[in-house]
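Chain lettering (A, B, C and D) follows the sequence in which the chains are written, and residue indices restart at 1 in each chain.
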């Protein structure tokens, strides 16, 4: 029962098989492998973007930080939600890669910006002078850090705000597959058709070993990305092993099937927990994570049984009355089974 | 017949099997996997360094640039050979990760610094004032970019020069296994016993999919490395797949056997080419690369047959008299076969 | 009637005379001038800090950004008030000089942090892991951007919080003289005796042409500052002209007399405005700036008469009902005269 | 007798008077002072460049590093002479401001690049891939660090090489006035008409207190410069004091008269020294510096008499035979008198 994160899950068998298959014979390095040609073509097809540039890296932080670095100058303000991964979980990688851009935090419930909060944040950074940083770009996360989802229409409303200020938009799609499955949008609808300029398309958390695609809808931006990727040490020499993962991940829409499994597990977990007395949701469960509060007694039973997950926020204490509710983050992955979910719920219920 | 680089080779079966085996069930992310505990212990054993810190990354550029960043301040001079990988092939990653340290180039035949050239370079950077950059650190590459090897005694002589100026030393060991096999030194003799502070220990070019270990002999430096690794986007979430590669790579000294195969293939290739009329070596063949010159006619036959390799330097032309000798770089890997070598030599001989 | 900023004021005659006097004959450059020896001694005397290192630069932004850069690593969180100059008015200089540290904003009325808000902000940045930035340092501004003042006891309470987390403290004293005069503390009480590690001591706004001293109470930090200053292009070659300003500024406590004049002007202005019907203060007037609201009619008369100042915040409109109050920032300097103040108040009163 | 550097000299009386005059009343800060409007107009007139943007900073290092930062990306190679000030005397400021661009050193006697050496250096950086840094820009110094001068035709020949590779060109004109006087070129001929894109126009060494103008011939580049200037802490608030210096400096061609005086002093010194037995020039004396070798006995006499100058290179020893020649750098300024020169020569002659 590991709900600590979707990155504790294994790789999907199809992905692992592709990695193994890619190991036959020699291959050109640094993205010049033949598999990469197919990956590029497939991503263009999936996203209905025949001109898009595609680059692979091994981590989500690299995908995000490099994307930001091609969209904002060092003196730019990067507008993101207060709880965005780029703000809270990348140890300043955005500041490092952009040479010191400033993340400006946008409010909003459940880790979602609204057009109003975004507009207010952008407006708050004056323009024209040289004394403050300049409006640089917007980055949004879908699915969010709170397990919620922006619908394509919501993305569009946010990018419209950005566009009204002339700002480009990045989407951190470490869990894009979960958002697409949850919302019913097509990949194109969710991204460039909704105004996204550059996308971090996650593979790692959803069945790969370690691969993220950066999709650059305006290919004129791609050369700079490639130079920054190399300079950042993120161009893998035996690149075919990245390509192979991504090829298998997208083949036959495996990525969406894996995400659907993860989302279904979370839905089952959410529903199950809500049958527990005094349990409640902290955030709507829309993708593959459940943020729920339930009595300390349940936590004790779960932890005694070896269940892995985080109290969220992390300043709650396991010491205290049995009946008091503590909030937790429970993340499901493609490999979470019904048995795990049901077992966990049973433990909580006691 | 692919002699373009050792990074065109496949992963060794043992390594691939380990990756596959690591995919069972869930595992803690970000280097907290159990395999990493065994990797750490194994590297400490292999290097006779029970206190050493060990971090894994996916590329050699990351290993090098992060290592430099913990050894020099931004205003430091990094002394390296004129043809070092950090100078010529990393698109400025050292400058990026160090926030602008200056690489100061050291002369020496066959890509090897000598104590004299190193001493001269360090002395050339005055100290005490604030107008020039300050002496920062030394980095040396073993095996070198020219396929030559520093013996442990040579490493010691260079680090003694560094030490006399109070400078720490990094070794770029992307091909350390080849150097160890070639020289007969133990891993400890070649590194910390010879005065190396931080080592980039290559796996990728020698039978892995993509993994390098950074071995930090003074563990007090490790915390900064870990923060810089995360901030650089080089901390893999599904870290077990890095760990598994490295575990298999070092198990039963596989790494040295693979390097021995590569070195033997290069020796066979070198010897074979020297039987060709008018052929000669440009650099001594001491590890797994052959730098040889032979008539243009031979190049034409080889290229017509699909052999992959680089003219070196790259400003030579395939246009010209048949008999004129052109220099080439030919890199062997663990997977290079005698048949490939012999076939190539036959083509060259004509 | 120029209340736009204290930096619109002229240099004090004593300072200008010193600059002129310093121009006799040749002088060693780069801070090796003899005047600098006297400046160093004088600052040590004034601050009762016989070991302190002293460096001069020409701008407050340089003083602040360089100070931050020696106190926090690139992955550090810099805790500062939401309206600190380093956050709002330096175009990202702190991020640039620190290589990407993250400013974490602390709440508090009238641009003042409280021990509670500071504690909360620091606690909010978890420690030990590598995923978020690490607690780095605290910087506070005295007098503040809102014209308020931290008393020495308040500074001490804030640095105690910093110290409890092991963090060093910088004080942006662009207007330190105003704060000292306002609070009655000695320079030592206000700074190192209250726990400040590095001080930006402003001269420019208070009667100099352009000079700020950085006072580094632990001289072990000074060498790095000097290298960063040079590397930042902030080491003036004809340094005597900085030294001469600072010498005259501190001689006979001129700096405190000038600040007293500025504070008195602000007090007179504040008192005068409060006699105007419907006028009110937005922030307490404790140093040399007045933040006051008064009817639009008054603004119209003042602007028609050529008075220079800023509506604050700047999104207020001069269009609208006569009687509606608009807030303004009015900054006095050492050279503001009673006549200017009284004339302005008369205009506002109408 | 101070020949240590031209930056040990005083400011010219006209410049000092202008600074004093500028101190009347209040003035808008940050470059919005009225004097700056006149400076801009005057520089456009002097350089026959009616569209040029003009920015002032207080140091030559700032002028250079900021100029480089707007002309090269972080992954660019900056081609400069091996002995350029940006390489040897700025403590890595170019690397800092460009976020890690790489200075690639160009050979050439007497600190002058030639079209051939520049072409070879640029050609040596391969293009198109991502593994090495990319060709970024060229920067040349006039007058040079060795006291030699590029004629306008020589500048043109170098910029033609740069242009043939599509690279922009910066001129470090810390001593441009000396070069203009020496060569007879007009300011326009020496700069934009010869292919220079951005110019650092020195004032400090030639009679100012501390001011350099950056002249950006393509004004589209100016906005970025202004933001980088602010972010670098180089936008002075009481900017009028920079403006006033530059206005006086250019008025009535004072700058050229001052440079003519300095050049004449150097010519007199050079001629005088050549009358000393065993004395010789190390570099041609073309501007305001003399690089000469003469017997150790002469050095001893000069130093005993308190003459200030540097042995050049600095690893020569005052210990040794009387008759052995040691090389020195002797820099004249606008304020060097014939008496000083003749007195020095007498000392050397003995």
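As a working rule, a contact is a pair of C-beta atoms (placed from the backbone, for glycine too) under 8 Å apart; a residue touches a chain by one contact, two chains touch by 3 or more.
The shown structure was predicted, so the numbers you read here are calculated from the model rather than taken from an experiment.
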{"item": "Chain pair showing more contacts of the two, C-D and B-D", "value": "C-D"}
{"item": "Proportion of interface numbers common to chain A and chain D (over half same, under half different)", "value": "same"}
{"item": "Separation of chain A from chain D, taking each centre as the mean of its C-alpha atoms, in whole Å", "value": "51"}
{"item": "Whole-Å gap separating chain C and chain D, where each centre is the average of the chain's CA atoms", "value": "34"}
{"item": "Approximate Å spacing (C-alpha centroids) for the pair chain B, chain D", "value": "42"}
{"item": "Residues of chain C engaged with two or more neighbouring chains", "value": "74-75, 90-92, 96, 99, 130-131, 227, 230-231, 235"}
{"item": "Residue ranges of chain C touching chain B (in the complex, touch as defined)", "value": "30, 73-75, 99, 130-131, 134, 224, 226-231, 235"}
{"item": "Residues on chain D engaged by chain B in the complex (per definition of touch)", "value": "74-75, 88-92, 95-96, 98-103, 126, 130-133, 314"}
{"item": "Residues of chain B touching chain A in the complex", "value": "2, 4-5, 7-11, 16, 19-20, 23-29, 57-66, 90-93, 96-97, 204-205, 208-210, 227, 230-238, 241, 308, 335"}
